[in-house]
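Across the two complexes that follow, chain A remains constant while its partner is chain B and subsequently chain C.
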Partner chain A sequence: MGGYSFVGRRLIQAIPVLFGITLVSFFLIHLIPGDPVAAILGNHYNAQTAAALRHSLGLDRPIWDQYLIFLGHVVHGNLGQSIYYEQPVSQVIGDRIAPTAWLVVYSSVLAAVISFPLALVSALRHDGVIDQVIRAVFVVAFAMPAFWVGIVLILFLSIDVKIFPVSGYGNGFAGHLQALFLPSLTIALAFSAVLIRSLRNGILEVMSEDYIRTARAKGLGTRLILLRHMLRNAVPPTITIFGVNIAFLLGSTVVIENVFAVGGIGQLLVSAILQRDYEVVQGITLLLAVAVVAINLLTDIVHVLLDPRVSYG
Partner chain B sequence: MAANAQAAQELIDLDAEPITTSRHRAVTWPLVVGLGIFAVIALLCIFAPLITHYDPTAQDLLHPGAPPFTGGHVLGTDAPYGRDVLSRLLYGGRADLAIGLGGTGVTIVVGTLIGLISGYYGGWVDSVLMRIADVFFAFPFLVLVLAIVAALGPSLFNLFVAIWAVGWVSYARIIRGQTLSMKQRDFVLASRCGGCKNGRIMVRHILPHIISAALVFAMVDAIGNILLAAALGYLGLGVQEPAPEWGTMIADGQQYIVTQWWVPTIPGIAIAITGISFSLIGDGLATYLRPRG
Partner chain C sequence: MNYHPFNPWRRVLVPVSLAAVVLSGFVVAAPHVARGATAPAQSSKNTLTIGWSIETKTLDPAGNSQNPDIWVQVNIFDKLVQVAPNGTNIVPDLATTWSMSNRGKVYTFHLRKGIKFQNGAPVTAKDVAFCINRARKPAAAWSWTLTAVKNVTAPNSRTVRITLKHPWAPLLSDVSLFDTGVYPEAYFKKVGASGMATHPIGSGPYKFVTWKRGQYILLQKDPHYWNAAKYPMQYVEYELIPNDNTRLLQTEAGQLDVDNVLPWSDIASVTRSGKAQVQINRSTETMYITALDTLPQFKDVHVRQAINHAIDRAALVRAILFGHGTPANSFMPKGALDYDPNIPVPSYNMTLAKKDMSESKYKHGFTITMEVPSGDSVSNSIDVILKSELKPLGITLNLRQEDQTTLFNNQQKAKYHLTNNLWTNDIPDPDELVSFAVDYNLPASRSFFTWYDNPTLSRLSSEAEQTNSASRRQHDYYEIQTIFMQQIPFWPLFYVPFANAVANGVHGFSENPLGYFNLQGVHKS
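And now, the complex of A and B:
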């Protein structure tokens, strides 16, 4: 038995969850009270066009038939047709996925840069003044609405000082880095507030392990213990903590994209809700949930590969 | 025999009392300060009509964007409508506090019951409930709430419905885990031998020992729900204009932030202070409920 069988078992465990995700995404949108066709047609509603549209959308079939057709399409990468953009949903999403992917990666990196060193200092000086200050700061940060922090950052760094653009995605690698800095920082601050407590506890746990005591007992210096023994062992739990909270990160991204008009799928989701473009809402909901499952799977696998002590259970 | 059974029952019930009740409970400063801040905010919002005589939706188009402490407006007025910011803040807080308390209150009860049943009965009941929980947990909370609101239409009530539909999952997971470790304990086995019904064992014997984890989490969850209500209000998918709500106030004020900075800043501070009070209460509760020996 080894890592491969663990990976295989985790993949199999993910299947019922993925199946459930398609059920929830589909039935949420298809159990709307009222007639979606009426909502789509609005002022252009008449019996004939309504019947034609209902037929072309497959809405005249029984709901379970509709679900099975939807499932068949999803497996083939077909997420339906956007009413508003008059394009396939997969294309509408595909056109806007780059800014969102950028934001997620960028803010993850920033969150790691912010939270890991602070959690480390907090853990090394636990219950000291620095630890309490760091914890207090992040209690406050956790309670602040991220979108409001974003607006305040815009005021100070985009309008007053004009270092960063107010909105947009930028051009080229350097352009993206600059344009997406403020939204990524906003998300990273909120994410750090969620991460730091678990990170601090994770590092404290590593610090109380026997091998650290052994290292101390044999006379190694604090710096050497820190670099050679602790940090390496703190990486796997950090990755797991990241994976557990990935859903929070994606949720924050949806809101913050709207503050900075980044033009990603978070902004698309909100405008699709307002435009009653239900197939797009369904597609994005499905995609984000699948992304959460995939990232969780990945972090679990990486954890096992990095830490041979973890049982393949 | 009946008397014996009664006596046995009493013994078992005594054993099932929360470990902490017989000892001193530690009331620490975070609990007192947190409750104090929260009480002040709640009272201000509840008694808003006594504190400000301005209608939160009344427009004064002659005096938009008045700075704080001018023209009888303690926190100024917003632009471009000239509505009193203090009134909007106090009346608007009612919606956010209602979501914080009402959203969280219902989900803790539902989630706790589901977690108890799942952990206590085990087997296929547990498998089914936990697979459902896994599925809900895969969606980013905000995205699932957005999708539900998209289906039902944006309103404060539908926001409640969305939170109720999704929020139970965390509590169910916490309580299930704790129930699993509790149900093997001697006093639970004893009460089962003593002839207690399953419902009684779950509620009277297991629940008192494990509810503290859910209560402490509820404080974090309440912050999350208030932030969620504000985020949806900000996106135009929560409380609908012209009704006031802290998130919609921030959205309204955003474009005037350069000239009327206080309009979007003040509701953000209100949310943060409310959240900090919940954090303090949660910290204090954790100490208060911790078994000491």
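And now, the complex of A and C:
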């Protein structure tokens, strides 16, 4: 029961957060100079057609009116109509959400697959040569700009050795797995740097705990000690870091989608900002905000499940 | 405290090698993924893939089409007439013959026999009239090209008659423009403008198959097209690849056939490596610096001439286009209809420039803001060079980056000082550019947003529009270019060719001077 009320309370707390985000995203995009009407009309702009279009889009109303209308729509689950694409925002976003979702999940899985074994080796051989190499390599990977790492991976794994396509989204499950491997790996490399460091420290701390010595003393096998005693205690802090970083990872898809031509919502967001497609920018910002809130909530729940010392307080 | 009670390697190696096995499962030899679901016969051998950086928005010819829309539309729709691959001649398309009567005020077109739309319906004169009439409704984005048209009728199923308000020389060019593309009236009435924008049906060489937003558009050859034999490729796929490096790498890897936007800095290395063919085609693209001529500084012709002589056009071509271009001697594109080749390129002469400046009201110069399109490396380089070139004249340029939307908006509202601009013709007739660039009476542009009002230029521009005598028109256009270069309301810099990287093994691809891809005869080996 405690769990339900905890989740309920967290959901209620999310409402003012999301409200604040609608406010900020709405006014930020409206405050930057530029005019969606000019962007739509292009070379064919003149005062009359511009005024007519502005009126039909409701852009001639006072800005507070526009905000309230937007908010009213959002409450009813309607993200409005894209000014540029002349389609409902939900459809514009819906057409491109899959590649981004794939990218986020795929890169998270890859990051976990890379980080766990390497962090373990690093911790168990700490301060040794292998540990130093792993840490150095991932600090460099973390410091490199993602678009550069992406291009280098393309050069090696798509051009020299033709294993993966240079770009695109692919077709079908296997197609997506193959096409999105390089962009996901690019994201995962930077992500792993953070995870390895956190997990390595966690394991090192746990190693010096008395209960590990006790477990050894009572003759438990190494596998049991590792899985039941060490990892169980070392992992929870890393889970929190994992959750927080998935939120950052949503941001890095904007760059990666551009380099690898994955037509997701990151790419859409950039072009929508440039076209001053107010409704689409607001829609995506809101969606990402909801995703971040949901991921944080999920992280907390997982944390509680893994660590009995933490409760739904 | 160290803890080494066991050999950790065994435990670690298991998950690592497992991961390696899982990952190697994704590795498939053929990198090109055929989209088999909608078109089972598609393969990399029979598909031409073209990559570009901006997104397609609408496939409705009468919609608000921009370049990535237009380049797809021209393969789906036929027009009454079309532009030949050389970019200057008008040749038959749906109409095989046409004639002019009533002193140039009536055009009669005779349609080809037995033509069918991609849905099997016959193409009738009524469909053609409906589509042109829709394209010239004031709400249609390109309707300004058809303002001289009084009405379009279909006296019988194979005759289209266009009646004009007054003689209008550019008419044939205007009905070769993509916005007059023909689709079935019945289908349009069923699906409306939004249906046409996403699921178009025309009578052109390729029919629409699918459109994955933000990814690609796939077209398939229509075997019933009247000229189908000339189009060997079964499929054409337009891919959205925003990043310049990615596009080029794809082309070099053989995963993309055409990289439509090849950066100038990459041409030498691609040529050297031989991993792809570099194709440079003549274009009508021209780069300019434009100014708001109602500002007192730019109202002064001496200031404009001083700037003109301070610009080293040849050096710009070397530095920015790596030599792949020509200094501009006119605001009209080199090689285009009625371009005057005899006008000299303005001399780069600082002595002359300083003399002009000393004759102006701004002997000691002035400070002004230059709005630079952000993310546009060509304009950025031009402006940095320009800043140093104008310094000796006492003109200080403050460079300010603006995104395209803001920049364009500022120009439309006459709220800027100086900025970069470029132009590419959409039709062979000079009228499109000339009226846009020098006719103050055209409200859509006000002399390329310079607000430069020269009644002689406006008069000559309208005169050339309304006479059908080719020699008279050439005379008018030559005169316009001469006056322009004397008065220099804004500064033509250089002519830019089109550069494409084309994958090895693709033959016959070219881009015509108007920017349309010529897919006739394109094949792969």
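Following the convention adopted for this analysis, the second predicted complex is superposed on the first by the 280 of 313 C-alpha atoms of A that agree within 3 Å, B and C clash if a C-alpha of one lies under 4 Å from a C-alpha of the other, contacts with A are read in each partner's own complex, and residues count from 1 in each chain.
What we mean here is this: contacts are C-beta pairs under 8 Å (C-beta built on N, C-alpha and C of every residue); 3 or more make two chains touch, one makes a residue touch a chain.
Worth saying up front: this structure is predicted, and the values here are computed from it rather than measured.
Novice: Please tell me, clash or fit, for chain B and chain C sharing chain A in the overlay.
Specialist: clash
Novice: Considering only touches as defined above, state whether A:G264 meets chain B (first), chain C (second), both or neither.
Specialist: Second partner only, chain C.
Novice: For A:L274, using the defined touch cut-off, is the partner it touches chain B, chain C, both, or neither? Pick first, second, both or neither.
Specialist: both
Novice: Of the partners chain B and chain C, which touch A:V166 in the superposed model: first, second, both, neither?
Specialist: After superposition on chain A, A:V166 lies in contact with chain C alone.
Novice: In the overlaid three-chain picture, which partner chain does A:L71 touch, first (chain B) or second (chain C), both, or neither?
Specialist: Neither chain B nor chain C is touched by A:L71.
Novice: If you stack the two complexes on chain A, which partner ends up touching A:A51: first (chain B), second (chain C), both, or neither?
Specialist: Once the two structures are laid over each other on A, A:A51 reaches no partner at all.
Novice: State whether A:V133 touches chain B only (first), chain C only (second), both chains, or neither.
Specialist: It touches nothing on chain B or chain C.
Novice: First (chain B), second (chain C), both or neither: which does A:L177 touch?
Specialist: In the superposed model, A:L177 contacts chain C only, not chain B.
Novice: Classify the contacts of A:I63 with the two partner chains as first (chain B alone), second (chain C alone), both, or neither.
Specialist: neither
Novice: Scan A:L120 for contacts with chain B and chain C and give back first, second, both or neither.
Specialist: Only chain C is touched by A:L120; chain B is not.
Novice: Between 259-267, 331-339, 385-393 or 439-447, which chain C stretch has C-alpha clashes with chain B?
Specialist: Clashing stretch of chain C against chain B: 259-267.
Novice: Hey, what residues of chain A end up touching chain B and chain C alike?
Specialist: Chain A residues touching both partners: 32-33, 147, 151, 154-155, 159, 258, 274.
Novice: What does chain A use to touch chain C in their complex?
Specialist: 32-36, 38-47, 49, 84-87, 92, 95-96, 99, 113-114, 116-117, 120-121, 124-126, 147, 151, 154-155, 158-159, 162-171, 174-175, 177-179, 181, 207-208, 212, 216, 222-223, 225-226, 258-261, 263-264, 267-268, 271, 274-276
Novice: Can you list the residues on chain A that touch chain B in the complex?
Specialist: For this pair, the touching residues of chain A are 16-17, 20-21, 23-25, 28-29, 31-33, 139-140, 142-149, 151-152, 154-155, 159, 247-248, 250-252, 254-255, 258, 269-270, 272-274, 278, 281-282, 284-285, 288-290, 292-293.
Novice: Under the touch definition given earlier, write down the residues of chain B that touch chain A in their complex.
Specialist: 131-132, 134-144, 146-152, 223, 227, 230-231, 234-237, 247, 250, 254, 257-258, 261, 264-265, 267-268, 271-276, 278-279
Novice: Could you please specify the touching residues of chain C with respect to chain A in the complex?
Specialist: For this pair, the touching residues of chain C are 1-6, 8-9, 11-12, 15-16, 19, 22-23, 26-29, 31-37, 55, 57-58, 64, 66, 138-139, 141-142, 144, 194, 197, 212-215, 239-243, 245-247, 249-250, 252-253, 255-256, 402-406, 408-409, 412, 436, 443-445.
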